[in-house]
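First chain A sits with chain B, and in the next complex the same chain sits with chain C.
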Partner chain A sequence: MTSSARSTSHWLLHYGLLAFYVAFALFPLYWLLKVSVTPNDLLYSEGIRLWPSRSSLAHYTFVLAHSDFPLFFKNSVIVSGSTAVLVTLIAALSGYAMSRFDFRGKMWLVGLMLITQMFPLVMLVAPIFKLFSPLGLTNSLTGLVIVYTAFNVPFATFLMQSFFDGIPKDLEEAAMIDGASRFRAFRQIILPLTLPGVAATLGFVFTAAWSELLFALMLVSKADASTFPVGLLGFVSKFSVDFGQMMAAGVLALIPACLFFLLIQRYLVQGLTAGAVKG
Partner chain B sequence: MASIDIQGVRKSYGTVPVLHNVDLSIQDGEFVVLVGPSGCGKSTLLRMVAGLEGITSGAIRIGERVVNELAPKDRDIAMVFQSYALYPHMTVRDNMNYSLRLRRTPAERMAHVVSAAASKLGLDTFLDRKPRTLSGGQRQRVAMGRSIVRQPQAFLFDEPLSNLDARLREQMRVEIKKLHRDLGTTSIYVTHDQVEAMTLADRIVAMNGGVVQQVGTPLDLYERPTNLFVAGFIGSPAINIINAVLRHDGEQRLIALESGERIPAPPRVGGHDGQAVKVGIRPEDVQISAQAEGDFAGHVELVEPMGLGTIVHLGTAHHALKAFVVERVNYPVGTNIAYRLPASKLHIFDAKTGQRLPE
Partner chain C sequence: MSTMPLYEEAAPRRPAPLRRLALGLEPYLYIAPSVILIATIMLVPLIVGLSYAFRDMQLINPFSGGFIGLEHFRALWTDAAFWLSMKNTLVWTFASVALQFAFGLVLALLLNSPFPGRGIVQALVFLPWAVPTFLSGLNWAWLFNPVVGPLPHWMAALGILPAPENILSDPSVAIWGPIIANVWWGIPFFAITLLAALQSIPQDIYEAASIDGAGAWRRFTDITLPFLAPTIAIAVLLRTVWIANFADLIIVMTNGGPADQTQIVSSYIFTQAFRRLDFGYASAIAMVLLVLLLAYSFVIILLRQSLLRR
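Let's look at the complex of A and B:
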């Protein structure tokens, strides 16, 4: 085989595999979209088709105008947004400390944080409910934010630590010698270089909180504090599942997450530290 | 500008001692070079002066002030890192500005100082570039520029040239020397390159294993090394070391080399009859001749032409010997060579302690 034929077949194999993977991964999303625009009367009558013969936005109109979904959305945005910001803030500080300082009990702290990640969360629902209910934190968005923050901080801390570990210590030392306090060096020199890490952490926590169901279901029983995953369950009634509306709501639920990633994707691109030090 | 005084300073990491009782006084305006092999604690000492490492015991003064408990930002010193440590998200101008901005220097003065420093270092055309677009040499200059805009009490350099190629290193060495001549700022310079140490220093501090071995001018260390370590570390090609025994033969003092040959001891050397010693002689002090005009006989094992001169490796019955000659000799391997070890050029060290014998 000539080398150009060889490289062409490599190219084909390479992109063929990628295309297959992308199609495989995105197909459910496509199906979500397809069902959401399929009118109810065609849903079961048309058999399996890639696109319905007639499409309509009726499900969307219904979900937006006649259901509690706008409220659930608002709640989800508030809860996920505050959790993401809060967790990232805490994780940035604790990750920095983990990366830069040696302090007594560090090993224990790391161990403890790992242990919190080992329990199945179901085990914790009852005790947390018990704790929260006298404090008035059940049926409240604040309660959800607290729980999500608590469960996401350990992992986010490890994530941020690994990003800080990638930034040479020389940089903040140079800044400190230039006349900055450690905190100022952190803010003005280190943090700007960790933006990809901050973005990744924000994104990770946001998605985790956005799709969390267990606690959202168990700690909240009233509609006015429900988040959208709980709302989705509302389409499953005793006698039927309203697939069209459920899918429409699902598509809508994707929008904030997509917007959020669009916003941070610029920072997810690595390579900001190039040129800091030799190499 | 200020003097720097290091008194009885120790440093341990946990229970591992890294610096043992370092005493060093650096005068105002002096250029002091710390040299020593890797891991001897040079950087640690420098970083303690900078305030980046805690001081286990002892005191460091900058000017009249004890700075032990002072944060780096309050010590008014500048430091050039081996990695340069440029802020990657800032332009060259902002890198150089940063310390001035923190001190709320008026914009006009800041612009003036930065452009003066930039033109001194040949950086004028790079001011608006980011560090990653610069070559290693240019980054090195920016790191220097960042230090000189401040007019600090002292400059600290931690192997600033070791990431550059040989040609550039030589060039920057000269520039650093000129800079020091122009600014006269007290400087501490860490390197493991003894050529840098010799050429730059007003005084050299030779360190080994966390202990200061000798402090003195470059020629002090070269001509009167206080122990075997300094003798071996300073000078390239390295000094020859030969095992020997001191012999007092009536009035005459001799050195019996391990080969059995005897040579006169240097005048005024101390020590006692029968003392085991190590004799050092620098390669350029070994006199060789192909005409058999010498005290001892050897043969050529290897010839290394250096352009500047030639290193001739001699084999003798009992020890190897390097000789450096300015001539371009090209002896075939095996040539018989006579050599002489002039008494006045010998360095005699106690074999056990490695210390130079008193004179």
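Let's look at the complex of A and C:
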């Protein structure tokens, strides 16, 4: 009796805390959505109502039909997607090396990668602009992909390393005794076990590239190579305080990030390693 | 041994120097793409950027570019706005990291054991992580705006604020606006990282400890925390440094105002570089920030090494 009462209160606390987290996480996004469907004439008079008395999709129609947002959207998908794939490939290799090999200069590599996490990236804006300009990498999506890939590799390497560290060395050692090369053992045995890590890395990098504003602003001045944040900022300054349209564009910017996130989130915490060791 | 003619078995025994060379080179092949990319896109521009700190470097002035020695650093020493931004950076970084970590750890522990509906709850609470940072900033600035946002009215009703006013325009509390936005956005980072680490702890250890009579709290302090320690150390190190450099939310929400009360060092660098186009002065400030962050990280690395050795 007491034990079941204790377990009931335990679960009440558990779900209560989780409900708080869910409400905190969702409320701002709910508000974004609410403002985006509020007609302009109600925006200020019904400012703090939880849902407007009348809703409309007029802001969305305007943004989709009379703005460059569809183009910005496409540019951002290309840049973020390419960056995520490139970074994950490169970081899987270097993260594996950091996890499994003891090599000369390893401490230097760790130091180098930590330093890149430390210096304010704003320092790099002018030098990178000067480096990229003669190469034709300004006003180009390729230029952005190169910059974002370099910026994200160090963190992704540490992330992948921590996932590789969680996988016993016996697994690929067994495969290598059976005659596989290390690279083949890495690809066919270790990498599939690190799928949660790969998914986490893809997600982190995609989100980071999708949000980046500073270098996108500096390196791209033409609309046809603008990413979504640059487009939204231009929109804010052009239409000053049209918050309804701004938030409608904001909701659109959320869609791919959220879709990608929902796709990968179930891989984030799958206990594949535990299963592999036990089985 | 000679009864085992398999090539694969025999190969590692061959003393061929070429093979030893290939084995020695192997780790470098794995790290080569990362190293080349980091060196050309980050290291070279960093060194060029550092040289700007000692030069009169203004983007709009074609006659600038000459070396001026320590002139920028002398100006920095007497710059009150810089010292204020140093203080604000400490408040901003410490409050953001501490709150993100505390809420993230609790969330990770809540999500660690299976319960009905875990998948959907997990998807919902991690969602802020997918929200682009500049959009989070706009979103929270909107929520704090008493004309259209609900928060000032709620806070006034609860007695936290004397009247429904925008905390972002009150110099004494404005910095908490970006901090709250930052905590909201950053909790999932810690929760995901810690949850992944929690899931890699072998369950047998818990089972054995339970059999030996260890209670929930004992299992947490004696098994969970030691296993999490290296992950916590590296996550906190990377996040602290990252947040100290993270100016987006402040730029979007307050632009450093009112009266520089929310200006952190990195947003001050941004202001110098992009408003005044003074890359020389901006680089000098950045160099000071870099030295401070390096010193901090050195301490954390030592801490992590000692934790790993235990």
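In this text, the second predicted complex is superposed on the first by the 256 of 279 C-alpha atoms of A that agree within 3 Å, B and C clash if a C-alpha of one lies under 4 Å from a C-alpha of the other, contacts with A are read in each partner's own complex, and residues count from 1 in each chain.
Here is the rule we go by: contacts are C-beta pairs under 8 Å (C-beta built on N, C-alpha and C of every residue); 3 or more make two chains touch, one makes a residue touch a chain.
All of these numbers come straight from a predicted model, not from anything done at the bench.
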Touching partner for A:Pro120 - first (chain B), second (chain C), both, neither: second
Touched partner set for A:Leu232, first chain B, second chain C, both or neither: second
Touched partner set for A:Asp170, first chain B, second chain C, both or neither: first
Which superposed partner A:Ile189 touches (first chain B, second chain C, both, neither): first
Partner, of chain C and chain B, that touches more residues belonging to chain A: C
Partner chain(s) touched by A:Ile146 [first = chain B, second = chain C, both, neither]: second
First, second, both or neither for A:Phe101, with chain B first and chain C second: second
Touched partner set for A:Asp178, first chain B, second chain C, both or neither: both
First, second, both or neither for A:Phe260, with chain B first and chain C second: second
On chain A, positions contacted by chain B and by chain C: 178-179, 273-274, 277
For the chain C and chain A complex, residues of the former touching the latter: 6-9, 26-28, 30-31, 33-35, 37-38, 40-46, 48-50, 52, 57, 59, 103, 106-107, 110-111, 115, 119, 121-136, 138-140, 142-143, 147-150, 153, 184, 187, 192, 195-197, 199-200, 202-203, 231, 234, 237-238, 241-242, 245, 247-248, 265-266, 269-270, 273, 279, 282-283, 286, 289-290, 293-294, 297, 301
Complex contacts: residues of chain B adjacent to chain A: 50-52, 71-73, 75, 77-79, 81, 83-89, 98-99, 102-103, 130-134, 136, 139, 146, 150, 163
Touching residues on chain A, where the partner in the complex is chain B: 168, 170-171, 173-181, 184, 189, 192-193, 272-278
Of chain A, residues touching chain C in the complex: 11, 14, 17-18, 21-22, 24-26, 28-29, 31-32, 35, 43-44, 47-48, 90-91, 93-94, 96-98, 101, 103, 106, 109, 112-128, 130-131, 146-147, 149-151, 153-155, 157-158, 162-163, 166, 178-179, 182, 196-197, 200, 203, 207, 210-211, 213-214, 228-229, 232-233, 243, 246-247, 250, 253-254, 257-258, 260-262, 265-266, 268-271, 273-274, 277
